[in-house]
Amino acid sequence: MTELVIFSLLNGLVTGLLLFMLSSGLTLIFSMMGVLNFAHASFYMLGAYFAYTISTYVGFWPGLVIAPLLVGVAGALVERYGLRHVHRHGHVAELIFTFGLAFLIEEIVQFFWGKATKDYSAPEILQFPLFTLYGQNFPAYKAFMILISVGIFIGLFTVLSRSRVGLIIQAAITHPHTVSNLGHNVPLVFMGVFGVGSALAGLAGVIAGPALGTFPGMAFVLGSIVFVVIVVGGLGSLAGAFVASLLIGWLQTFAIALDWSVNDLLALLGVSFDADHALRDLWTLSLPQVAPILPYILLILILIFRPTGLMGKRET
Amino acid sequence: MSAALQMQGVRKNFGPTEIIRGIDLEIRSGERHAIIGPNGAGKSTLFHLVSGKYSKTAGRILLNGEDVTGLEPYQINRKGLSRSFQITNIFPRLSVFENVRCGLLWAMEYRNSFWRLVDTERELNERAAQILDEIGLLDRCDLPAGVLAYAEQRALEIGITIAGGAEVIMLDEPTAGMSHSETEGVVALIRRVTEGRTLVMVEHDMGVVFDLADRISVLVYGEIIATGTPEEVRASRAVQEAYLGAVDSAGQEVN
Amino acid sequence: MAVTRRTAFAATIGLALAWSAGAEAADPIKIAFIDPLSGPFATTGESGLRSFEFAAETLVNAKGGVLDGRMFEIVPLDNKISPKESLIQLKRAISDGINYVVQGNSSGVANALTDAIEKHNKRNPDQRVLFLNYSAVDPALTNDKCNFWHFRFDANADIKMDALTDAIGERSEIKKVYIIGQDYSFGKAVAAAAVRMLAEKRPDIEIVGNELHPIGKVKDFTPYATKIKASGAQAVITGNWGADMVGLGKAIIEAGVDSPIYTYYGAHDGITATFGPLGEGIIRSVREGTLNPPTPEFKALDDAFKAKYPDNDINQPRIFNTIAMLAKAIEAAGTTDPVKVAYALEGMEYDTIMGGKVWMRPSDHQAIQDVHISVHTNKNIVVDADNSGYGLANEKTVPMAGKDSPTSCQMERPNAA
Amino acid sequence: MSVNQSTTTGATADGVEPAWKRVADEQMRRGAFSRTLPVWGAAVVILMIMPLVFPSAVAVTIMNQMGISIVFALSYNMLLGQGGMLSFGHAVYFGLGGFLSVHVMNSVEYDGWWLPLPLLPLVGGLFGLAFAIPIGGFSTRRAGTVFAMISLGVGELVAACSIIFVAFFGGEEGVSGDRTMGPPVFGFEFLSEVEVYYLTAGVVLVAALFMYLFSRTPAGRMANAVRDNEERAEFVGYSQRYVRFVSFCASGFFAGMAGGLFAINYEILTEENLNLVTSGWVLLMAFIGGVGFFVGPIVGAIVLTLLQTVLSNHTELWQLYVGILFVLTVMYAPRGLTGLVAMHGPALRSGRLGPLVAAYGVALVPLVAFLAGAILLLEMGNVANQSVVGESEAHVFGLSLDVSTAPPWLVAAVLAVGGAYALARLAPRLRDAFGRATGAAGGAP
């Protein structure tokens, strides 16, 4: 049991920090531009694919830097030539645009890289078990992922709290309508924020690709979870995004680790059920089975009972 | 004369800032009542509190003697209070005609019915056309409201507000941003359509205020410092000290 | 045997050429291939299509076709792995006068098709259709949901599990088994069969985990691997396929598990290449048609295939059985009338290119054939997978697996006339 | 109410009808249902003769699919176009309505329930409604992003449940039934596709009619008003939440009806009918067709069904084309295909369409060149990228092009670049021609 708990904590941390890399960018974009970017996870996927292609020529490490930069440029271009154009039609149109973009990017990725899973793997130097506990390996690459995520977190925190740009962004997050009054070039700021947010997602893709697989469906698998994270954390709250990322990371890993089922609960209450009953699927439902839908239940509950999210101040 | 609207100890805080600091005011049934005051005094906030857009921090609001504190805007509207907005607030993609017709639907008890067609209801359509006639937009009725000129949108705003035939009408700066001749037209319009009803209005144009209002309240920094007939208010020393000095600057800001 | 057959064919070709020179060119026999050719599963669909086209070309058309010179033509119809789209494509095939439909990917689609074809044949007796299922392994298709028009050329999930549990049963050191699969009918069928058969064959084995995970939704299998490792399992059984197979396998191995992982679909289509050295001696697959060591005939076929499609493998040898047996049945029936061809297929015995026999069991139209347990390795690999140097080496063969397995199928047979 | 008694500026002299009365009459005359009767009549005729024009079984099947999509897309537009609610989970009501319809179909077959097949879509609709009521109860509180997020969450939840609850949803295989087991209706047993076509066509017509009429009721008009300005609606006495709730329920009803139609046509419902992909498709259909028009979703449903069933047989890149079409629509034609056509209404009315058509004619040549070049490049790129080494032939427009040689690439590139350049040069002239044709006609398009 201790073994399960320790490894679940570690695994949840890896997932949670990865989610934070995605949700931090999405939160920045939403806070400043009011756009919920459906295609955010698509930039994550682009990051993985770019890094894969780069790694086939010059290896993993250059890709770690170049791929996020490329994704950032792609994001900035999308903002400049796509989103800005749609902006005047309102937020619903923007949401529809990013939805279409997500659809399109998946097709484009399949066009260039094909449909099969790409053999994008961790560099040799990180392919060893960092430590072994109760006979279980903890891969060094996972530790590397934690390291990068924490580094990004610290970097982001420093930039936001110390630098001038950071202060402008913070002001814009808390008072979204004032940013234009600050005398800054708003379109340029928007383009920059969108680019940086996309680059963060791209970086997440670069480091997640070898661990979670690089395939055309990788954006779809993660896409809506990231939405859940930022809504649950509270739209516009970076701290909330951080808390919610870890919460959902652990929620999912522990739900899988713990074999509780409705059946056990009923047994505890001394109730038995008919194995042929129409609701038999409900009675045998177990926690690992429902693990992936727990975030969505959480999302709906939050939206109904606390629309500002755990730590947000703005209603969605 | 009975009271159409009563405010008792109404307060509103935004965070630590107190915007409305305990207002007691009684609007008599059938009177035309203007609320004046410098910018930032809390006039629009007071309107939002009465009409249900904001929830108040403390106090009670009575409409025709009935407590409407904490009700939603639509519930207050159904009890007979209708308001306009300082910043034009219409249905931009609907036609001018439809804007007014939407203002009529609830009052004419159509509610959310989905078994009647709006185009077959003669009384509904005729009344909408009458109102359009009254506000002078009859020949613009097929245009999307969003493309109307500013003054026309203001008139439409009033049209929507009065359409439902509410007892109490609240107009928030109905003449703001209008030329002199446009203002005259609006004043005549207001006088005409609020005949026999209770009118509460916020207005900066003192000419309009003293022309239209039966009584005037002066709101300064979230408090009513004087209420009375135009003559009384004009004569009030407190008003002169606290407000009339400031009105010039306010007037400059507006224009 | 092969030689005599070839001479016979040559003779037929000569005759056929002589005939068709005089007669009008014979219509090709069209076979509708309804499988995903776009979307996430297109890779699998395309690889199947290439095998079918290659099989039709080499096994039938190059030998002069059937019924005196009628060629096989594969008509690819993209179903996007959607039951709805499959039914539209079925209608398209029927409009084109096609009598034979092949499909393999997804039991859900197979079920929709077999259901629709049964209804269609009942409602339109003059335009019937046969359904040759080359890959969908849900046991129900040849049990409760069986019908006369459906023939399955792959071993079904129960038969494979029977072979698989035989293999586990022989390894007395295995005392703890973990079962994990995708949360849908096939994953559940695999789990149920595993539990039932292990209890029969090795009551001493403890099932330390029986888990279903959502299909296609798990982004990280590490938590499952953690659990499997913690349970002390000495063998893992999974019916996972596609990305779920790769993710699960990699996570389990990375967590430090080195006990065998028994899979249904743990090879080919990029999976072998992805496992590479990591899966050496760990990943095992249960399947028909062994690959290593191959028969000389199969080696020759594979070389020819590779020459044409260097990036693909013959990973579903049963496709070649499907085409060869259909051709044989049409010849035997002397007509393309689906009812007569179906009767000719029932009970047919066929010697495969891979070695061994296939028998189309009449009671449920389930092909009975040898099933093999093979291991992922790079030693003694003649025919590799994904050009990776790794491939499947045979460990154990269960001859004519499931020959006497029970079936609940009760088929209504039409009049042969 | 006092409005009537107050004076009116219009002339009220005896015998002269006041201006307001004329306007009211005009509005009622224009909104009168009888004015749309020719359109409905034409629809009936078209629906009647379609199977005679396209008699093949596959054509009838595709038309049936279009019918289902039309009802589904129209129901979706009750949310997005008329109510301003962007939903990412509308397939929930379609699918649940469909699943329950199949279960009812099975009860007709096995439990002896009496239900003529043409009533099944109504059953589906009622089930769609039954699910829309509780879900709409909490999700319509706000529009915009919150509504979109809740719909996404609900969509994910129900799709996940459809795999977990096998007893009801049948797992991966889904639930199948047999439509022919009900009592015959006027001798029809719905064995053939054509019989099902006429049943589908009838339901499409009735559903479209009722959805159109709904948009003309007080509830439908207020849905528009709330979409435009939810705050203002509250101050004329309407609860925005309740207005949205009514639209949501109606939309769920018609989506369920489409699900019932699906059950009749395919006799099987599977997980794909209520998953997010289907929800996304209906958004694409409605939006590409044009959410601002009643006929928009109909156009979208027809176009996308054709792309899905016909284009997909010619190219595996069809989804890429759909994606490009969608993104271009959002960016440059937010009123959809219908909007592109409707934009020429003023020019048509003022009789100035002629010069504009001539200008389009000139632009047609570079447009076709550009499209042909771009498609060639994409198709050849796809072959070069993914195909096997031995195969270097791309089959486009009935041509076989060897992608390992330079000429096809050059030709395609010249077509694409040349076409694009010429189009860019022509664009100002087109805009000018459009402005001249529409400008003086008065009123915004």
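Read from first to last, the chains carry the letters A, B, C and D; within each, the first residue is number 1.
The definition used in the following text is that a residue touches a chain if its C-beta (ideal position, glycine included) is under 8 Å from a C-beta of that chain, and two chains touch if they have at least 3 such contacts.
The structure presented is a predicted model; accordingly, all values stated were derived computationally and were not measured.
**Student:** Minus subunit C, work out the clusters of chains still connected through touching contacts.
**Tutor:** Taking subunit C away leaves a single connected set, one piece.
**Student:** Which of the chain pairs holds the record for C-beta pairs in contact?
**Tutor:** B-D
**Student:** At what distance in angstrom does the C-alpha mean of subunit C lie from that of subunit A?
**Tutor:** About 38 Å, centre to centre.
**Student:** Let me have the rounded angstrom distance from the C-alpha centre of subunit C over to the C-alpha centre of subunit D, please.
**Tutor:** From the centre of subunit C to the centre of subunit D is 39 Å.
**Student:** For subunit A and subunit D, what's the span in angstrom between their mean Cα positions?
**Tutor:** 32
**Student:** Do you know which subunit D residues sit against two or more other chains?
**Tutor:** If we look for residues of subunit D contacting two or more partner chains, we find 160, 164, 166, 317, 319.
**Student:** Of all residues in subunit B, which are in touch with two or more distinct other chains?
**Tutor:** There are none in subunit B.
**Student:** Please list all residues of subunit A that touch 2 or more other chains.
**Tutor:** Within subunit A, the residues that touch at least two other chains are 114, 289, 292-293.
**Student:** Of all possible chain pairs, which ones touch?
**Tutor:** A-C, A-D, B-D, C-D
**Student:** Which residues of subunit B touch subunit D in their complex?
**Tutor:** For subunit B paired with subunit D, touching residues are 51-53, 72-74, 77-78, 82-83, 85, 89-94, 97-98, 101-103, 105-107, 110-120, 122, 125-134, 136, 138, 141, 143-144, 147, 160-165, 192-193, 195-197.
**Student:** Okay, in this complex, where on subunit D does subunit A touch?
**Tutor:** Spelled out, the residues of subunit D in touch with subunit A are 84, 86, 88, 138, 141-142, 144-146, 148-150, 152-154, 156-157, 160-161, 164-168, 276, 280, 283-284, 287, 317, 319-320, 322-324, 326-327, 330-332, 334, 378, 381-382, 385-386.
**Student:** Which bits of subunit D are touching subunit C when the two form their complex?
**Tutor:** So the residues of subunit D touching subunit C come out as 56-62, 65, 160, 163-164, 166, 171-174, 176, 178, 180, 191-193, 262, 266-268, 270-273, 308-309, 312-313, 316-319, 388-390.
**Student:** Help me check something: in the complex, which residues belonging to subunit D touch subunit B?
**Tutor:** Subunit D reaches subunit B through residues 1-4, 6-10, 18-21, 23-24, 27-28, 30-33, 213-214, 216-222, 224-225, 227-229, 231-240, 242-243, 246, 250, 443-444.
**Student:** Which bits of subunit C are touching subunit A when the two form their complex?
**Tutor:** 39-43, 183, 211-214, 216-220, 222-224, 226-227, 229-230, 243, 246-247, 254-256, 269-270, 273-274
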